[in-house]
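Quick one: the structure is below, questions incoming.
Each chain gets a letter, A, B, C and D, in the order it is written, and its residues are counted from 1.
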């Protein structure tokens, strides 16, 4: 974990309302692991006050990238940053995907910008080690699909669902995933990793449980410190509260008390 | 930072290498921040509140950002006194800085037991008595708003515990001078103020409170002018030193508190925003004294130019 | 803005065409703002405070900007009751909106005299009793913090004056519920809250207070979460309608107050920032109701989803 | 008085730390009088909260210009505005220079950015109507002198003082003005108008009084509403408090209680 002033290398719109920002930060790039995040200060002002957390989306040499959606004040300011501006970063933070050597197949389920940590996971070393990687990609429409080509470029199988049916399966990505599961295609030695909106994660977790597959989810919660000190970012685990920033953001779905999730 | 003025300061029996502490609940037990900054440089560390028994805290969400501020309802989550001593205090002891343990309870006896136990431990330099945490439904607020209760609590704490006693006041009162005087009469060595201001935010989309606990404590720059006013009021009413806090983001903010009457300051919410804030504040205070040609920090305390 | 829901609201005997007022002291006597917006569109205008005799107010500087807030110490400067009636009220009367006269005094009798006199005037729809202005050294704060004093003041005011009586509460108290209940028992028809929060800022360069009056009242977004919390607390404690205010900058902020329990809101400091704010808030509330399919504004009041 | 969303036409640095911003606002340009100001919102955010007042520096057709110095948060944000951005303006506000027909000579004394309203005054109609216009321009150094050439271009006599002596008289502009006065060059039917730092204004006012000349000063005070409603921007006049935003910002120096000025 380091605090660095990092230079914006680029900041470009990928689809409407979503941006990819490249940041020069060798210290963080070197040690970042898939599933970890950075906590960044969008501006040196008192409003907005707090840092904002973003999953690491790509790492290349001395650069990291984040993929973000404009949802409020902080991300709006972020989207206006130009090349050469500096951003204060804390990172890499949190626990990423811990994948042990028995896992031979990765099943990834991504909703919207939730694709970010899963893309990093795949690009880093999944392909080299896995017999098979299947990516379920969900979005509202084909215009809002993220990373389909990039995932294909990595040699993974990509399955797409769009809510309006403009591409792939018509419906929620969790429905497509459920259909796929029920057709018995989940082989042994598989690990399911999911990131996206909470209702989707809840469904993927419960489907995985029914299939007796291990499922990792990457969760979100409003953060203060981002490093485990304030206990502000908790969610309910089976054995008490867990900090998203330090005990997560990646959790084994079975450690989460899903009844308590909003 | 060569040739900077000497920043040492005495708060009664408690001597600090510089007047900048980190505020309770915003720095954990120092473990996480030790990875980011050199704890030895701090004037002191005020730990996250410790209670007699482990406390689970409030349901999520526990944090929400509001204009220039943070609303929190952590609910004193902590591992309890014994785990604190075994795991947290032993870690903190390793650093060359003052360790001030923030203690909280639901009844007088809780405070007394914790104080007794901690006064036997090595490495505790002072206790900060949190009588003001607005998040806990029982105790908390009531201790901090009734001068008589405060007077008695302090008096009894002094009987069982030889450590310097810091009373942490809540701003949620009509007259903070009265509360401060009660603490002084009870025997408090130092006052620290302010704790967070009771507040609330509503999600208009869901028509629900934004915090799991409904109400929470407001901290950050939004409350700074309120906190400075209270430090100024209290410094005119008591003769014991004050540790000022509330929205300090930079040296200039800290200096407002000092000029208004605080002998030391604590950085709270700003630690989340920039973990280097306390170090920057220390440097900035040094630079200010040098630029102004003021050779003793003490002479700056309460130097506000007004006719009282 | 076609097809927007009906925003009329009844605060006891006081009926407003919409629930958005402008807060006392932030809109003068309407004259200046009449050049910028159509006053007929407002739910009501709460005038700058009027005192029995002309008041010069505090020495400058009277304003200072703080994080997300404004600190003011105007000190109730006003031309006095007679000039108000002759010059200001006659102007305000011309508009199709409710005129609520904010009255202030240094002793009970001041209030009674003003109330008596104003109840005989045409064009006054209600009185807002400012018992909470923190800027005036005498009176002011003391009226607003003592439930017994409030109870008696309200009771006597009701005896001399038939106009709807709005009690404006100060947030600078330990328990605002108590104060609110005293006002209700005394016979107040409506409560308005909150007034400004006592605060202070120091110029570290000159080591002087930034305000001529040393302390002043904090308003603006910084105090919004504090104000929302107080409205919620009071709405659970009394059965009279509440006008909520404190840092309202946009419709969403106003809705926080309404959902927490306010039957109407007032826009204050935001008038300085954008004189169109009240009109934007009216529009935004209408749009919200429409989008949510809520057909009566009244059903939104106090609709916060929690277990009390 | 109008509230308008005005487009930034340009925003350029004129000397280090000082900028000129051109704003498209026909309504304000049409009715603005020298000495009046605009009250502008630097950004649509809650911090900084209040508007900031700036004297009108030039008016040309449908455009106004302001000349400003970066001194804090608001002016810093302003200095970063780019062409095409919109700014919310209230204006024209306040009372400007009321110059009656008996005045035949204008003596202007400007310190730093205080030159702004005086330049507007001169360019608007001073030249056409006056027998003589003399401008005293003060700055720290020759690099920080503003508008010297522009004033010359209008056909005025310009007298310069710099604190470090790098151009013209070495010393304060008020000292140069005092010297000039004492050499008896102040002719009848003259009006003195001054704008700049308070200590300078105080001196000019007292010198003018001693010379029995009428002197107008343009004053500053922290503002709330900017339109006369809040009574926040007062200064002490001979007969009670005066609002800078409504009763001023231009005052006859003899109406001000100079003992009360900070």
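Criterion: a contact is a pair of C-beta atoms (placed from the backbone, for glycine too) under 8 Å apart; a residue touches a chain by one contact, two chains touch by 3 or more.
Since this is a predicted model, take the numbers as computed values, not measurements.
Student: Which other chains touch chain B while also touching chain C?
Tutor: A, D
Student: Please tell me the distance, in whole Å, between the geometric centres of chain B and chain D computed from their C-alpha atoms.
Tutor: 47
Student: Taking each chain's centre as its mean C-alpha position, how far apart are chain A and chain D in Å?
Tutor: It comes to 55 Å between the two C-alpha centres.
Student: Taking the mean of the C-alpha atoms as each chain's centre, how many Å separate chain C from chain D?
Tutor: 37
Student: Going by the contact rule already set, what residues in chain C reach two or more other chains?
Tutor: 67-69, 221
Student: Return the residues of chain D touching two or more other chains; collapse runs of consecutive numbers into ranges.
Tutor: 46-47
Student: Viewed as a graph of touching chains, is the assembly arranged as a line, ring, star, complete set, or other?
Tutor: complete
Student: Which part of chain B faces chain C closely enough to touch in the complex?
Tutor: 66-69, 71, 145, 172-175, 197-202, 204, 206-209, 214-215, 218, 220-226, 228-229, 232, 247, 252, 255-256, 259-260, 288, 303-306
Student: If you look only at chain D, which of its residues touch chain A in the complex?
Tutor: 45-47
Student: Going by the contact rule set out above, which residues of chain B touch chain A in the complex?
Tutor: Touch list, chain B to chain A: 25-28, 31-33, 35-36, 48, 56-57, 59-65, 67-70, 72, 74, 77, 220-221, 249, 269, 271-276.
Student: Residues of chain D touching chain C in their complex?
Tutor: It comes out as residues 1-3, 41, 46-51, 88, 90, 221-236, 240-241, 246, 260, 262.
Student: Spell out the part of chain C that touches chain A in their complex, as residue ranges.
Tutor: The contact residues of chain C facing chain A are 67-68.
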